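The chains carry the letters A, B, C and D, assigned in the order they are written, with residues numbered from 1 in each.
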Amino acid sequence: MTFESDAPARRAYSYLGPAGTFTEAALAQVPEARGHEWRPVHNVAEALADVVEGRSHAAMIAIENSVDGGVSTAQDALATMPGLRIVGEYLVPVRFVLVGKPGTRLEDVSLIAAHPVAYAQCLQWLSEHLPAHAHIPAASNVASAVGLTDGTSDADAAIAPPGILEHHDVELLADGIGDNPNAVTRFVLVSRTVAPPSPTGADKTSIIAELPDDHPGALLEMLEQFATRGINLSLLASRPIGDELGRYRFVIDADGHVLDERMADALLGLRRFSPKVVFLGSYPRADRAIVHYPERYSDDVFVEARDWLRGLISGEPEE
Amino acid sequence: MTFESDAPARRAYSYLGPAGTFTEAALAQVPEARGHEWRPVHNVAEALADVVEGRSHAAMIAIENSVDGGVSTAQDALATMPGLRIVGEYLVPVRFVLVGKPGTRLEDVSLIAAHPVAYAQCLQWLSEHLPAHAHIPAASNVASAVGLTDGTSDADAAIAPPGILEHHDVELLADGIGDNPNAVTRFVLVSRTVAPPSPTGADKTSIIAELPDDHPGALLEMLEQFATRGINLSLLASRPIGDELGRYRFVIDADGHVLDERMADALLGLRRFSPKVVFLGSYPRADRAIVHYPERYSDDVFVEARDWLRGLISGEPEE
Amino acid sequence: MTFESDAPARRAYSYLGPAGTFTEAALAQVPEARGHEWRPVHNVAEALADVVEGRSHAAMIAIENSVDGGVSTAQDALATMPGLRIVGEYLVPVRFVLVGKPGTRLEDVSLIAAHPVAYAQCLQWLSEHLPAHAHIPAASNVASAVGLTDGTSDADAAIAPPGILEHHDVELLADGIGDNPNAVTRFVLVSRTVAPPSPTGADKTSIIAELPDDHPGALLEMLEQFATRGINLSLLASRPIGDELGRYRFVIDADGHVLDERMADALLGLRRFSPKVVFLGSYPRADRAIVHYPERYSDDVFVEARDWLRGLISGEPEE
Amino acid sequence: MTFESDAPARRAYSYLGPAGTFTEAALAQVPEARGHEWRPVHNVAEALADVVEGRSHAAMIAIENSVDGGVSTAQDALATMPGLRIVGEYLVPVRFVLVGKPGTRLEDVSLIAAHPVAYAQCLQWLSEHLPAHAHIPAASNVASAVGLTDGTSDADAAIAPPGILEHHDVELLADGIGDNPNAVTRFVLVSRTVAPPSPTGADKTSIIAELPDDHPGALLEMLEQFATRGINLSLLASRPIGDELGRYRFVIDADGHVLDERMADALLGLRRFSPKVVFLGSYPRADRAIVHYPERYSDDVFVEARDWLRGLISGEPEE
């Protein structure tokens, strides 16, 4: 499905391939990507490197799954690769089938190929129906099934998206094997550093921050930067910094936009507190849900307080 | 001791009289007041009205005593009279004597005239040496002794500053009767609203603030505005707002100056939080003690964070 | 109005006299005090000493006024005299008249006798109607008026409770001069240390506590002991410890009873945190208002958690 | 290396096989496991099911890696399988080699088999030395290399522990390719629910807790349960509960033992706050580092406070 546009403003979009992955489904939701080149890549680091090094205009990467949690390689890559910014968020419902080589029966399955994130999402079903199975991790939700037919895998069966049946000669062994019928994966579109898009009222801000040191209460103090400005966090995940056990950075999604006064103020507080803050971007939420917050944190209140302070300093009588 | 200057820029200073009070001793510490008129007044409300209505350039008022605590009438007057600002702080050591009419002996004393604040500071000594005494409140630390000799008081003895012996015909019954030999009273010099004096590094900021409503934790949230900016409070006193039991305003002295970044930020937070904040002023501390605070709250850190935020919004790549 | 009962279980009640004070009105609200001796005393220290030394069964003392705030001498006495406990709370509406010697006219008044707390409550009225007045403090709200007629005071007028007109030959100059028509004074009945009365659901707990040291956030940490258990504070007043400026103890009234699980837990936290905590008592609120608090702080929740913990430690499987 | 003891008290230990894995190295650190059956299993769910269903006495599972972070399948299994308890902690240094089929040269490598956790730990080295590589996930750190020689994998090279060279016919292409030379994996030994081992002073307590609801500050409030008792957290990881995006449970390792007063008190607070708390156990830390904490949180302080409270309630005079 990779194709080229002959328009002069040609620009590529990188995504975890091959065609048929959930990531491709996420990219299909981006109107601006239509008619441009889609570059399938092998991993998130490659996708982001395409952006940093100018081979692609943007990359679509999975960042969190409602069942399996944060995609740690993506989070770690964003934490350590400078020059990137999230510009959009996309949700893809996740549904899985179990497929086998033609002629396979469910009761014969012992070795299952599956991308680890997919595997985690079907674990309950597997424990129930195939308790003695073993797992062979696959590179993607498509590669798992491809291996069955091209002979590169010893697996008896593979976990894959339902679309796999249309393109590959595999047999459906079980449908809807995901443990949560409402499972969804969250993707983000990542470009080079640009100014954030205008606030829409339904925005999200992504940050990665380190704690100053390992004393009781440091995390508490970091979270207070948001709580004391009435800002809700929709994601808080810890990732090891990697130098020693017990040292973490925190991946945070906060409701609101950096151009909202309360968020700007929270980011200032965070920057003063944390030895390292990476601002990943402010962008419209995929669900377009308007962010509600107490009136006392509205832009007006911030502006009024600044005016008041200015008056104090100038020596004007207070009203 | 009230006198007039014939200088063209004549200006008066109001203080709780008559001559000989601790308040006059505080005013004597103000170099700018020398050579100007000193107006003795009867109470703090009169002193502040002199300022508001232009009869005096400034007023010296007692605001806190190390033994008896905040001077509530002064605190309440500052909370409710607009157009005032504290411009200086002065400390006066407090020492008391017990004096009687000539011929009085300590063992004969049963009725003691004393200003209530002075009385409170000698209570321990009195309970020990004159357990059966009764107290007649006096209007000032000088009036208490004057009443003994001019016949306006039935008291047998009076509590007064040591200087009383030089100007009045009274007999020393006991010296150093204050319960705390290190007792000190804190005075402030109050002018009409002016721009705060420049920061000296040894400054104090006085504020009076109301809480938004009576829910568990509102005071906590107010105090966090200071604590999360590394600002120590040297005074926190509650005063009833006066409309009903259980509603308070808080009188706060905070270490630092409104032109310090951390203090300005705390005041912004306080203003956004509180339904009513009165800024009473930033001024040099009487003890000239430099305010120490963690490096993370220095002006540089605030400035750097703002630069960082500006960069984020403009879309410049982070370093 | 002091009288004696000839009942065998004779017991006295001390109060700030003379007859006619608001304190006496508070004592009149105590059913158990009827038919017993009422001892008028000169000050709060004397009243409490009567209790400690066994001369009285209990003492009624004013502790807070809705306009003037905490009664500092009472608070300080409770903080430093061991062996006392508050066993009841009483509210007395406060109304003031201005009275003069027979023949005095309002426009002639320049010197006003008034108990300092009464004076503070009429300050607004006085500033408006008698801006040039001076204040002579009086020992009680009755003594102020008595001085007008017995020649012991030079005052032209006195502030007193309305009842004064029935017992003394003074002329009414103005009625209802209190600044707040709803003003009320809160009294507490203090006995020797006894077990607290049973919880009624409408209880209050009084505590005085010192902070461990003067670091930013110590007060915050103390208040969290209450806030994190859903306990509202109806009074928080700071009082200087008295040894140096800037060191305070805090007078706290908290909603609830020491036999409520959440209050017991908060007191444990407070005791562990504070270098000195004085428990003054748990007793029914004067207004009999039931204390509401979130379900998560109910006794059941505490009991359930303890059972759970016991199970963990014993090694029983969790359910 | 699986063997059987003929001792009467025969008991098995499950671990992620095959022989040669880091998990086996962790199990080799357990003195009590010597001479008993070691059961290699295919995944963590199988290992834990062995324990719950009585096939094994205990299971060794990887729980956290210093580079890759929490092992989410292990965390999720512990959160949802009742009847388990962590009884010990073990650290295994992690070192990786890149191996190929005999005759392979580093410059020929394009497809690399690796367990995803191992892969993540070598990503930096790979990006530098083999930027164009693709990754085939393997089921374990041994399976990756085994696939090279038994023909089940198309990979050119595999990431494996150094010991692989002794048992398999593979060629060393690069040594020490882990991005962090100090990388270490933390394992826990899990048994059925038993009483916790006695405190050693160097203990850790593992908990999994859900937040009451998604309001700003809920996580803050949970963390305060630990911070206000001086308890440091060595691990805080969020895991999706799995029902919808944005709902998390938190995996917590806290310094100290449930039989320490401060920890018991924190757990009580946590239980009262959280709709679901799973206590995973208190056990000696692998590093045997004594837990230091402020004196104010010592057992004595808790015991003294309880004695004090008991005295208050009984009505004994305070000292």
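Odds and ends about this structure:
Rule of thumb we're sticking to: contacts are C-beta pairs under 8 Å (C-beta built on N, C-alpha and C of every residue); 3 or more make two chains touch, one makes a residue touch a chain.
Chains and their UniProt names: A, B, C, D = Prephenate dehydratase.
On a predicted model such as this, the values are computed, not experimentally measured, just so you know.
Path length between chain B (Prephenate dehydratase) and chain D (Prephenate dehydratase) in the chain contact graph, taken as the least number of steps between touching chains: 2. In whole angstrom, the spacing between the mean C-alpha positions of chain C (Prephenate dehydratase) and chain D (Prephenate dehydratase) is 57.
Centre to centre, using the average C-alpha position, chain A (Prephenate dehydratase) and chain D (Prephenate dehydratase) are separated by 25 Å. Residue positions of chain C (Prephenate dehydratase) with contacts to 2 or more other chains are 224.
Interface note: chains touch in the pairs A-B, A-D, B-C, C-D.
Taken in their complex, chain C (Prephenate dehydratase) has these residues touching chain B (Prephenate dehydratase): 42-43, 45, 49, 64-70, 72-73, 76, 91, 115-116, 120, 123, 127, 131, 133-139, 152-154, 179-180, 182-184, 186, 214-217, 219-220, 223-224, 226-227, 230-240, 242-246, 248.
Across the complex, chain D (Prephenate dehydratase) is touched by residues 82-83, 85, 192-196, 212, 221, 224, 228, 258-259, 264, 267-269, 271-273, 278-279, 296-297, 301-302, 304-306, 308-309, 312-319 of chain C (Prephenate dehydratase).
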